[in-house]
Amino acid sequence: MSFTLPQKLLTEFIGTFFLSLTICTAAIHGSTDEYVPFAIASTLMVVIYAGGHVSGAHYNPAVTISVYLRGSCDKDDVLPYIFSQVSAAMIAALISEKLLTSEKDHSVELFSLSSEAVIAEFLFTFLLAYVILNVATTESTSGNGYFGAAIALVVLAGAITVGDISLASFNPAVTSALIISGKVSLSSSWMHFLPQFIGGILAAYVYKFNTK
Amino acid sequence: MSFTLPQKLLTEFIGTFFLSLTICTAAIHGSTDEYVPFAIASTLMVVIYAGGHVSGAHYNPAVTISVYLRGSCDKDDVLPYIFSQVSAAMIAALISEKLLTSEKDHSVELFSLSSEAVIAEFLFTFLLAYVILNVATTESTSGNGYFGAAIALVVLAGAITVGDISLASFNPAVTSALIISGKVSLSSSWMHFLPQFIGGILAAYVYKFNTK
Amino acid sequence: MSFTLPQKLLTEFIGTFFLSLTICTAAIHGSTDEYVPFAIASTLMVVIYAGGHVSGAHYNPAVTISVYLRGSCDKDDVLPYIFSQVSAAMIAALISEKLLTSEKDHSVELFSLSSEAVIAEFLFTFLLAYVILNVATTESTSGNGYFGAAIALVVLAGAITVGDISLASFNPAVTSALIISGKVSLSSSWMHFLPQFIGGILAAYVYKFNTK
Amino acid sequence: MSFTLPQKLLTEFIGTFFLSLTICTAAIHGSTDEYVPFAIASTLMVVIYAGGHVSGAHYNPAVTISVYLRGSCDKDDVLPYIFSQVSAAMIAALISEKLLTSEKDHSVELFSLSSEAVIAEFLFTFLLAYVILNVATTESTSGNGYFGAAIALVVLAGAITVGDISLASFNPAVTSALIISGKVSLSSSWMHFLPQFIGGILAAYVYKFNTK
């Protein structure tokens, strides 16, 4: 399987974006440091499994240099890769600042959803569906044994990173359970349902772009 | 291997039920948030490995939509899948409320078992046996390398989710050790043994339904 | 590959023994509950990977019943399996009481080793070598991808379970580092070195018994 | 694939060095014990996956003895292996003392980097690239399913072990995000960038030595 440069750069962008978003959101600005190393490692793991077959999943200029010196990265790819990685990281840092203006207390009875929750549910449901499509439905990775771990760790990363922001549902069925449990009100539940379905739909189109 | 719609729907139901049960029990009502993201991720991982070969293991309407758009889910399966997922999540939310009426202090010397402990031991021993039968004894998944992780993470999820309710044994041999250790009394030990064996037996029949 | 009943029973005994030892030592008597679910899950995972190819790695009477009903366990094996599992669990409960008489404060400068430390280093170095021999040097499991996880998680389980008792070295090279760091005195270092080498040697003979 | 004794000894040295460094830095001298068992297990896991195909990845004299008795280690390799392991452990203990003179408060707004941060970024970026080259670009391990876990767990181990010392970036793109987030100043960012690129470059040369 051979991929085009735009497909590789999009993959490097998505991977480095989520890695940096997790680091900035969970570790740098976060009110609590709980489980942060696990969120970071999980995010890295899932984007490696999702994108390894497309771009090699470097997500790191030092790795791109190292892999290039070893002879496993095209010379012409080195600078575009680094540019894609650094710009993804910078954009992630800016978005994580937006996300963090609305951190909430997780223990309150009824969780009031905000526009930041909409962004959080959108981003991680997109990542969830993007990972699933790449590890569980694509030919390049068929027969792999890591699909369950990769998919589940998106939820681990999301729960740690944006749990305080959106309750980390990423799943309309789970949101239904949260409504029954009295944790999310029916009237604000569209702030879960809408970004969740949009995230899933966008992932399908990104996947199609990357495999066409 | 091709599975019937009822087999797929049962698989989606079981997976979404345990995912939602873990989220509602451990995260929403729980007195402590300790390790909750790990319980949720572990539950998702084990039901993916247990059911992936049957239904694709979506357990999430947004994923079903995304996989359908990508072309890997039958159009006729979309609505039944979503219905099975949402009803499983709602039932899980109701059962988790029952479970949580009896939360106990883990540190007391002799642990007094309650009817909630019976439910907890039944549910997670069922899940343990259901996962084992699907990842370690079935042809569709033979040769996989994740069987040990999948089985062990049922216990991780259960220990975090219902450890305060039933001591999270899920195993008559472990209950024997707990009796020796003076943590469970001999007279109440049937509240472990009985649901454990029933859970194991039910799993065998669910497995047979799903592979016949 | 077909194994004899004594080989299967020894495997069930070792697996259930370490599972129960971890539960009793880390969870029941332990002064702190930190990471206990992870220790239990890790122990279960490593003994499954170490023994699955020999006995099926049930380590649980309810699982034995379930696997028998499904048709993957010989009728004549059911009762001996359960007997081996229950006796291993009971012995583990008794040994964990011995171990726990000497729990120490991890933060003191020089760690004073005790006879309990000798038992702890022996048991977990045995488990480490037993797992390595079974997942990294044996034909029945060759080509597996879980060897690194299985081996490393012995150390995770051991560090959580007996870290307060023996510093959880299980490795003469690590003990050398602990001596340099001033954490273990040279004069008491034989309480690490001796049980570590004996554990490694015993594992080699148990392995040979199980594969002859 | 057959490797020379110097290649095997270098592999045993690197593996035992990082295992001992993690134990000494995170567990023995560390101001906090948080997640230490996970750092140790992750380090062991990644060096096993990185070096297993070269030296068997013992990293432990008791394991070398055990594997030798089982018949899977050359008699002539036993003493050199143990010498390499013990000297790596002792050097790691000395370096970890240097590292720990500069532990910082993670929560301060602008993180001031020190010479210890330079060492930390160098060591773990080297390990990251060394693992990537061995698990994701080499023929002996091609087709494995653990590459994502192995690579990600370097970051988990590093975040726990030296997070308080250097912020655990190991990645110039992540450092860019940290500059945008105001956590690292532009003027001191060379203390990340320089050791990161040097670590990646050195790993490429070590890899070439080990596969030539």
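Odds and ends about this structure:
Per-chain residue numbering starts at 1, and chain names A, B, C and D are given in the order in which the chains are listed.
The rule is short, and it goes like this: contacts are C-beta pairs under 8 Å (C-beta built on N, C-alpha and C of every residue); 3 or more make two chains touch, one makes a residue touch a chain.
Please read all numbers here as calculations on a predicted model, not as lab measurements.
Because chain A and chain D share one sequence, their contact can be compared position by position; here under half of the interface residue numbers appear on both sides. Chain B and chain D have centres, each the mean of its CA atoms, that are 37 Å apart. Here the CA centre of chain C is 26 Å from the CA centre of chain D.
Among the residues of chain D, those in touch with two or more other chains are 38, 42, 145-146, 149.
If you draw each protein chain as a dot and join the dots that touch, you get one closed loop, with every dot joined to exactly two others. Contact residues of chain B toward chain C in the complex are 35, 38, 42, 106-107, 125, 128-129, 132-133, 136-137, 145-149, 151-153, 155-156, 159-160, 163, 168, 170-174, 176-178, 180-181, 183, 196-197, 199-201, 203-205, 207-208. For chain A in complex with chain D, the touching residues are 16, 19-20, 23-24, 28-29, 33, 36-38, 40-42, 44-46, 48-49, 52, 56-57, 59-63, 65-67, 69-70, 72, 82, 85-86, 88-90, 92-94, 96-97, 144-146, 149-150.
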